[in-house]
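Residue numbering begins at 1 within each chain, and the chains themselves are lettered A, B and C in the order written.
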Amino acid sequence: MTDALRVENVEGGYEPGLPILRGASLAVAPGEIVALLGPNGAGKSTLVKAAAGLVPVWSGRVVLGGRDITGVPAHRMVHEGLGFVPQTENVFANLSVLENLQLAAALIAKPRRRPLAEMFALFPDLDRQRRLTAGRLSGGQRQMLAVARALVASPAVLMLDEPSAGLSPKLVGVVFERLKAVRDTGVTILLVEQNVKAALAIADRAVVLVEGRERLEGRAADLADDPRMAALYLGAAAEAH
Amino acid sequence: MEQLAVLNYLAFFLVFAGIFAVMALGLNLQWGFTGLFNVGVAGFVAVGAYASALLTGPPDPERVGGLGLPIFAGWLGAMAASGVAALVVGVAALRLREDYLAITTFGIAVVIQLVTLNAEWLTGGPFGIQSIPKPLAGVLGTGFVWNLAYLGLVLAVLGAAWWALERLVASPWGRVLRAIREDELAAASLGKRAAAFRLQSFVIGCMLMGLAGALYAHFVGYIAPEDFLPILTFQVWAMLIVGGSGNNAGAVLGAVLVWAIWSVSGGLIRELLPAAEQARGAALQVVLIGTLIAAILVLRPRGVLGERATVSRHAGDAG
Amino acid sequence: MLQLVADGLVVGSVIALGAVGLTLTYSILRFANFGQGEFMTWGAYLAVSALAFVLAVTGGGVMEPLGPFSFGWQLVVAMLLAAALTAALALAVDWLLFRRLRRGNAITLVIASFGAALALRNLVQFLYGTLPEYYTREIQIAVRLVPRDVLGGLRITPDQMLVIGLTLALMLALQLLLTRTTLGRAMRATAMNPALARVAGVDTDAVIRATWVIGAALAAVAGVFAGIVGQIRPMLGFELLLPLFAAAILGGIGSVRGAVAGGYIVGLAESLAVPLVGAEYRAAVAFLVLIGILMIRPAGLFGERA
């Protein structure tokens, strides 16, 4: 079966000569939730940003459902079927909740456009706040709006950069529960996380990135008790100091 | 005789280049070392020129000033006056986003231009101030020898300014300045003190511009509002950008280069164009210089000499 | 007193139109464009050429005044042509200059705009000379709206009323564009967060082009308005640059409502200050407004962030 998303030997970074990704590879099967883990500075965020077209890819390929999307401009990615929710400032704070979703909907061709009603059904919290300026939403609601904004374009694969950042443990649970519901509507999910425990709890599989390359990969349930996990995190910490 | 005329012109040229170099050094302290964008150079130069003229000139019943003080006192007064103007602008704009300083300095230059044009009791209005004393003119006359002597004086001031700036930039004060410019974290951790450092750098830079204005006034002997138009600001910026900001040698080299280009192109226009077309030719000269600046920004953003290698570039945020 | 208010509203209209373009480019391209004033000058002069062209094409060479106004339909056509040409000029400058500098420091863009402004201003002077131009020599009779014994009375020409009315209509249209259309939302989204806008599918390069077109076209209209109620000179836009910046900052960068309010406040302040400080210091009033707002409320009246 074709992978929903495949990253093959990608090298890349913000500045020439300073690679952050050093031949990173991973594959996500359709319908999976895959957690992308790794110590600080491993290049997890850079990897999803590179896939989303926000960071230059110097070599290697990004393949979405069999189509090579390497080097496609960031604003075309929604049309290719790749959704991305950045870590911080991931909603347009000066637009209302409704405008955030309307903008995303207007930018996508009709056949791919998911009705806003579906979004409001999936995230009832947002329904009650339609007219509110997004900048005034609570942290959890912002995260929901960011996900809903990406879902409007019916992505085949949704990448999220640390959706748990800045949320209370209780809210992390709520947001991740929603992500499961999103997956159940047929969206494949790649999740960058610092919160290993929470991520492994909802993920099917996980990939651990260290220094810009994948070092460990396996079923989430197995990795949760794998001693090599701790070694990779601690090892990186030891090298850093 | 012919040779003397050439030498005299050369002295003349170098005096102006030296005065521009002092302005460029002041701007370099602000922009090159501190990252402050000053669009009001002409205004601060004008303040210095008028201040020195008022302090040292002969009394004039038509306006205030004319205190007849020694020229050196005029220079100190010029630096003080420009410093005060800079303080007013800096306090208002420096704690805000960086381009607000650009807008505010632009504004103060416009206001200074209005004052020079209209406050006849102070500045003599459109006709400006005449008979500004030339130092030692009583002994040396006002010919070639005096020009040469004034060139020596300008070079001495330029050398002193250079030496002081090099010392200043190498001092702990200068290191803090660079840290503020390069590293927002460092700037944030310094908080209010970072603003104080910026303000000091801005005021010192403007004082140098004021001093350059005084040097100009006492060389030419008369000043008028049209000597301090926005084109002056632009010329000094061109000098800094051509030479390479963040580099005192670049600033001085840029001053000589751009002033040479300016003088030669101006001379060509005077030679080649009929009298009726001179004004249009002068406009075209400015267009060409403007295009030169833009081209250098695009093609050679570090200038001819470039920035000294003390500056580290930031990598993007890895994550 | 009333007369000063009316004059302030006319000048304020011109400032408001220019300031709206300035605030848009400022918030979306993220730099203070010192060339905005020159787009006004170019708009005014391009309309002079376009008017000559339209008159030559339609024959006659004379403009029959339209109703109570001092100009005919030919000037309306000329203004639209000038707005289109000024937009093209802005796109050309962006393509040649600003686009190549966008990846670097924002201040580099400010320097570049300063250089471009000087070049554009002197190019006008080179092409058209320094003598003032007019669209029409028709003398207009001012209408007395308020008798002399009420607050000094008020006389206003139909041209001036049209300038105020059209400015308000244009601003309303722009406000609707920004809040009701996809382009407008995309512009606001790009101003807020360009990277997120791209992720959401906004072609930010297209948004930047649209911003130049709107900003430069409004500046051109402002320039033509300035030419209708006054003289057309190479320094027209340069002299309005400080009021433009004062208005945009007063209103809060990025806020169209703010720039309009700021434009009228600066225009009124200038004109009401004339009896106090004299007409020659008019421009200094804008500077005082600017310093005042920076001291008291640097985010501006309608600003979200400083």
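The criterion applied here is as follows: a contact is a pair of C-beta atoms (placed from the backbone, for glycine too) under 8 Å apart; a residue touches a chain by one contact, two chains touch by 3 or more.
Since the model is a prediction, treat every value here as computed from it, not as a measurement.
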Top of the farthest list for chain C, CA-centroid basis, is A
When the contacting C-beta pairs are counted for B-C and for A-C, which pair yields the higher total?
-> B-C
Chain with the smallest distance from its CA centroid to the overall CA centroid?
-> C
Where the centres are mean C-alpha positions, what is the separation of chain A from chain B, in Å?
-> 53
Provide the C-alpha centroid distance between chain B and chain C, rounded to the nearest whole angstrom.
-> 31
Rounded Å distance, chain A centre to chain C centre (Cα mean) = 43
Using the touch rule from the top of the page, what residues of chain C touch 2 or more other chains?
-> none
Complex contacts: residues of chain A adjacent to chain C = 52-54, 73-79, 84, 86, 89-95, 99, 102-104, 106-108, 149-150, 153
Touching chain A in the complex: which residues of chain C?
-> 182, 185-186, 188-189, 191-193, 195-204, 304
Note: in the complex, chain C contacts chain B through residues 31-32, 34, 96-97, 100-101, 104, 106-108, 110-112, 114-116, 118-119, 122-123, 125-126, 129-130, 238, 241-242, 245-246, 249, 278, 280-281, 283-284, 286-287, 290-291, 294-295, 298, 306
For the complex, which residues does chain B have touching chain C?
-> 35, 37, 39, 92-93, 96-100, 102-104, 106-108, 110-111, 114, 117-118, 230-231, 234, 237-238, 241, 279-280, 283-284, 286-287, 289-291, 293-294, 297-298, 301
